[in-house]
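Below is the structure I would like to discuss, written out as C-alpha cells.
So that you can tell them apart, the chains are marked A, B, C and D in the order they are listed, and the count of residues begins at 1 in each.
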Amino acid sequence: MLNVSLPGLELKNPIIPASGCFGFGKEFAQLYDLSKLGAIMIKATTAEVRFGNPTPRVAETPGGMLNAIGLQNPGLEKVLSEELPRLEQYDVPVIANVAGSAIEDYIEVAEKISSAQNVHALELNISCPNVKTGGIAFGTSAETAGKLTSAVKKVSSVPIYVKLSPNVTNIADIARAVEAAGADGITMINTLLGMRLDLKTGIPVLANKTGGLSGPAVKPVAVRMVYEVSQAVDIPVIGMGGIQSAEDVLEFMYAGASAVAVGTANFVNPYICPEIIEELPHTLKKYGISHITECVGRSWKHEQKPAYSRP
Amino acid sequence: MKKELMEVQRQEQLAESIFRLELSGTLVRQMQKPGQFVHVKTGGAYAPLLRRPISIAEIDNEKDTFTMIYRAEGEGTLQLSGLRKGDQVDVLGPLGNGFDPDAEIPGTTALLAGGGIGVPPLYELSKRLKNHGVNVIHVLGFQNERNVFYHNEFAALGETYVATVDGSYGEKGFVTDVIKNNNLVFNSVFAVGPNVMLKAMENSFPDNRMFLSLEERMGCGIGACFACVCKTAEGSYKKICVDGPVFQAGEVLIPC
Amino acid sequence: MLNVSLPGLELKNPIIPASGCFGFGKEFAQLYDLSKLGAIMIKATTAEVRFGNPTPRVAETPGGMLNAIGLQNPGLEKVLSEELPRLEQYDVPVIANVAGSAIEDYIEVAEKISSAQNVHALELNISCPNVKTGGIAFGTSAETAGKLTSAVKKVSSVPIYVKLSPNVTNIADIARAVEAAGADGITMINTLLGMRLDLKTGIPVLANKTGGLSGPAVKPVAVRMVYEVSQAVDIPVIGMGGIQSAEDVLEFMYAGASAVAVGTANFVNPYICPEIIEELPHTLKKYGISHITECVGRSWKHEQKPAYSRP
Amino acid sequence: MKKELMEVQRQEQLAESIFRLELSGTLVRQMQKPGQFVHVKTGGAYAPLLRRPISIAEIDNEKDTFTMIYRAEGEGTLQLSGLRKGDQVDVLGPLGNGFDPDAEIPGTTALLAGGGIGVPPLYELSKRLKNHGVNVIHVLGFQNERNVFYHNEFAALGETYVATVDGSYGEKGFVTDVIKNNNLVFNSVFAVGPNVMLKAMENSFPDNRMFLSLEERMGCGIGACFACVCKTAEGSYKKICVDGPVFQAGEVLIPC
C-alpha cells in the first residue's frame, strides 16, 4: 500500500531522506538498514571538493533551524569512487543532488554522476541559499532555471528532478519553466532564507550571516507551494519542508506531492525515516485510505469532483 | 550509539544555573571513554527543535547510570533543569571519540584544565587517569564564585586549583595564569573549555603532549550534516561530533 | 532611553501593536492604558464595509499561525466617525493601515483618513495575502508598488509607510521602488503565504484555502529581510514578524529596524505590549545599551566600522 | 476579564480522552454566568502558540475554584492533561456573554441539550436553573459509551437522557432523535455542541425559546482579531468570542 512509481524511480515507499540531511548514508547505515527507504537523496555534489562556509553553520529558531553549510562535499570524483559504491550494497535507488557555480559545472557533474549504476535520478539543486555563486541564483529566474534544466537534461542518462527555491514571488512560474525545459519531476522546497542575530554582539549567529530555514516552522509555506505547483505542472512533485510524522506525509501528499523527503527531522530523531515508514500503513488505515497514491492531490482533486462534500 | 528514553534518577543544583542530572538506562553500557557526549532532546515535538550536546561527567556501570553537569541558560537546558526524578528524557549517545586515559604512562603527571561548563568531562577522565596510576593536577576556571562547582570532588582526586575571572573565589585570572603562577609541572595536558581558552593552552604550552576537546554548534551530532567541521593544519577538515570532540593539539585549527 | 523619532511620529517607545492584531484598540483599552504604547497600527481600513472571508479564518501551525481574515473592517466612514474619535482620549499616535482593491480605493481612503486629527502616518497595505483583488497584488511588483505609493503620497496629509510582502524574490527592489516613489518609511513584514490541510478530509483547514503565516516561526525570515531592506534604503523601517519579547525587539533593531510592531503575540498574551515596554530598559541595561536608538542597524553598521571586532 | 497563573487543584480522567481539571485563583471571582469560557495557554513560549478556548463547567465561589472538562486530543489539550496538582496554568477569562438562567420563569421547564464536549457548560447552567426554580431535562449526546461522562451528575439535577451515535450506551441516535422519541415537553432550550447539532435543534424546534452556544476557531478570544465572526440574518455579523458564544436561535446564521 506504500509503493510509488515515478520517472526513473520505483519506490517501496514514498519516504526519502532529504539532501544534505543524510550525508551519503554512511552514518545512518550504522543505525538501520538503508534498504528500508524509498530512495536516498545524497548530499549536494559539486565538480570540485568543497569545504563550505565557516562555522557556526547552524542556529536554532522557533520550530526550525537555520543552516549555512555551503555545500561542503568531497567532490565528484570521491563521490563516484567511494560514496556511491558503498551505497550499492543496499536495495535502494539514489537520487544525486547536483550543484555548481556555473552551467558547465552542473553539466559535468550531471553527465558523470548520472551514469553511476545506483543513481536512478538527479536532483538539480538550483536553490541553495548558502553559496555566493550558483545555487539559488539559478532558481529565482524562470528563464535561467529553464536554460539550466535543458542543458542538464541533454547530458543526463537518468530522469532529472529540479529542486525549487521557496524564495520567489511566483514558484508556479519557475515550475512551468523547468517542466517546459524537460524536467521529469520537481522537488520542493529548499530552505527559506533567514537570519538570527546574537543578542550580546548584535552580529549574525551564522558566520555566513544568512542561512536556510528548515523544519516544522516552514511546513505551512511548503504545503502551500506544493499545492500551487502540483496543479500548475503535469510532472510529479516530491514534497518536503518540516516533515516529522506520517501525518505530515499525508498532508504533503494531499497537497499534491507524489512522494516526500524528510530533512531536518533526521537530526532530531535519526530513526525518523524508518519510524514513519512503519507508521504509515496504520495512519492510512486510520483515515480510510487503501493505497498511498490515493492521497496525491486530494486537496485540489476535491474541487474538481464536487461529489465529495465538505463534512 | 543508541537512542533511549532514559529515566531521571536525580537532579540537583550545584551552583548558580549549574545542575547535575543523573540518568539511568542501558545506553550507559555503551559508554566507553571520558570525553564522549550525549545528544539530548527536551520538550515536545518541535520546541526546542534540536538536540543539545552535553558531555558525560561520570559513568556508573554498576547502576547503569551516568551523570551530566550543565548550565541551564537557553531554552533546552532550562527545560532539562525542570526534569524531576522518574521523568523520562530522550538521549542519543554515546557520541564522539573521547579521551584515552589508558594511553598515558602510569607515574606521569597529567594536567586537567577546564573552563566553565568544560569542567564536567574532566571528572570522569580524572578518575580514570588516577585509576590508571597517573598523577592528576586540576586547574578549573570559572567566571566568579557563584559559578564554581565540584571543587571538593576534584580535590579528592588530586591537587586542585580554582581560578575565577574576578578573583571572587580561588585565584584571580584565567587557567593559563594559574598554571604559570604556580609553576605547575606536568607531562600531559587535557583541556576542555571555550575555544579562546583552548587556543591559549596550545600557545602557552606548545611542547606538551596535549589533548583538547572542542565545542561547536551541532545539527545531527553523528557526522551526517557537516555543521560541526573544523579545519586541519593540512587544509582538510574534521567533524567535531565524530572525529572529535577530542583532538590532539595541532591536529585541528581552533576557530576563534 | 526608549523614545524614537520617525517621519510624522514621535514615539515614547518603539513598541507598536501591528495592524489586524489589535482591532481599533477598543478591546485592549479594557486591559491597559493605550497611552503607554509607542503608536497604534489600526486594522486595515477600506473605503467600503467588508465582511471578509468565511470561517475558519485561523489555524495554528508549528510556532506560528495562519490567518485569512480578509480585511474585515467597518469601512472608512465608521472608522472616521467612531473608531478614530474613540482613540483620541489616549496620548498615542495612530498609524492608519490603508487597503483597497484598486488604486482609486487607496487614494480615497488615504486622503480622508490622513486628515483625521490623531492619524500621524499611513501604512499602505500592499501585502495582504487574503483578498482576491488588491492587497498583495500591489506588493509583488516593484513598478506597481511604486505607482501606488506616489499616487497615495500626493493626497496624504501625513507621511506614508509602505507595508511590504515577504512573498517576493527580491524585497530590496520593492523597497527601493517605494522609496523612489516618495514613501517616508517601510513597515515589514506582512505574512508569508501558507496553508494547512485537514487530515480527515484532505481539504484546507482555512475556508479561504491559503492564509498568512505569522508568529515566531517567521521571525528568522523577517529579521533577514529587515537586514536587507534597511541597508538598501535611507528611509526608516518598522520591523515585525514573530516578536514576543524585549530580546526579539533588540534583534529586529540590530537588523536595522527603527521601531517594531507586535502582532500575533497580542493573542497569546494580551498584555504583551506593555510588558515588553516595561522590560525593555532592563534588557537594554543587560546588554550595555544606553539608548534604544543605538541598536538600530548594529548588525551591519558593525561591518562598516571594523573597529568593533567579533569577540 | 483577567489573566492569571492559576493553580491546579485536581486533575482526573472521566472517560476516554475526557479530563476534568479544577483550578484555583482570584479570576474565579469575576465569573458571572454559565456558558462563559476561559482561554488557556499551555506549553512554553511558542508550542503550541495559541490559547485554547474551554468552557467553564462549574464554579465554586467559596473556594475560588472552577472546573473545566475537556477532551485531550490535540497538542494543547494533551499538554493540559499532563498537568498535576500544584502546577500553574496561564488562564485568560472569563470571556464571552454566557447564558442567563435568571431570565427564565420559575416553574417552567428547560431542556438542556449537549453534544460531546458541548456538555460541560450545561452543568453549571443546570445547577443555576434549578436553583432559580426551573425544571431541567438533560439530553446528552456522545459518540459511544467510552466517551460518556457526567451522566450521574446531571441525573442528580433532573431527568437525564443519554444518546450515543452507535447505541452502545443509552439510546441510539442523535439528541434530536431522543427528544422526539421520548416526546419531551419543555418551554425553553439551551443547546451546546457541534454546529450540525445546533442547526438540527433550530430546525427541529423552531417555535421554542432557544439559546445556542457556538464554537469557532479563535485568535485573540477578546474581540480584536475578527477570527470568530458569524453572520446575522440581517447581513451584519457577530463575534462569537465577545458577542457570544451564546446566541438566541435565529440571531446568527449557524455555519455548517
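The rule is short, and it goes like this: contacts are C-beta pairs under 8 Å (C-beta built on N, C-alpha and C of every residue); 3 or more make two chains touch, one makes a residue touch a chain.
By chain, UniProt protein names: A, C = Dihydroorotate dehydrogenase; B, D = Dihydroorotate dehydrogenase B (NAD(+)), electron transfer subunit.
A quick note: this is a predicted structure, and the numbers were derived from the prediction, not measured.
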**Prompt:** Taking each chain's centre as the mean of its CA atoms, which one is farthest from the centre of subunit A (Dihydroorotate dehydrogenase)?
**Reply:** D
**Item:** Listed chain pair B-C, C-D or A-D that repeats interface A-B [over half of contact pairs the same by residue number]
**Value:** C-D
**Asked** Using the average of all C-alpha atoms in each chain as its centre, how far is it in Å between subunit A (Dihydroorotate dehydrogenase) and subunit C (Dihydroorotate dehydrogenase)?
**Response** 33
**Asked** In angstrom, rounded to a whole number, how far apart do the mean CA points of subunit C (Dihydroorotate dehydrogenase) and subunit D lie?
**Response** 36
**Request:** Just give me the whole-number Å value for how far the CA centre of subunit A (Dihydroorotate dehydrogenase) lies from that of subunit D.
**Result:** 45
**Complete:** In subunit A (Dihydroorotate dehydrogenase), the residues touching two or more other chains are 61-64, 215-217
**Request:** Would you give the residues of subunit D that are in contact with at least 2 other chains, written as numbers and ranges?
**Result:** 45-47
**Prompt:** Looking at which chains touch, is this a line, ring, star, complete or other?
**Reply:** complete
**Item:** In the complex with subunit C (Dihydroorotate dehydrogenase), residue positions of subunit B that touch it
**Value:** 45-47
**Request:** Spell out the part of subunit D that touches subunit C (Dihydroorotate dehydrogenase) in their complex, as residue ranges.
**Result:** 1, 3, 41, 45-51, 92, 216-231, 237, 242, 255
**Asked** Residues of subunit A (Dihydroorotate dehydrogenase) touching subunit B in their complex?
**Response** 20-23, 26-28, 30-31, 43, 51-52, 54-65, 67, 69, 72, 215-217, 244-245, 264, 266-271
**Asked** What does subunit A (Dihydroorotate dehydrogenase) use to touch subunit D in their complex?
**Response** 62-63
**Request:** Please name which positions on subunit A (Dihydroorotate dehydrogenase) make contact with subunit C (Dihydroorotate dehydrogenase) in the complex.
**Result:** 61-64, 66, 140, 167-170, 192-197, 199-204, 210, 213, 215-221, 223-224, 227, 242, 247, 250-251, 254-255, 287, 295, 298-299, 302, 310-311
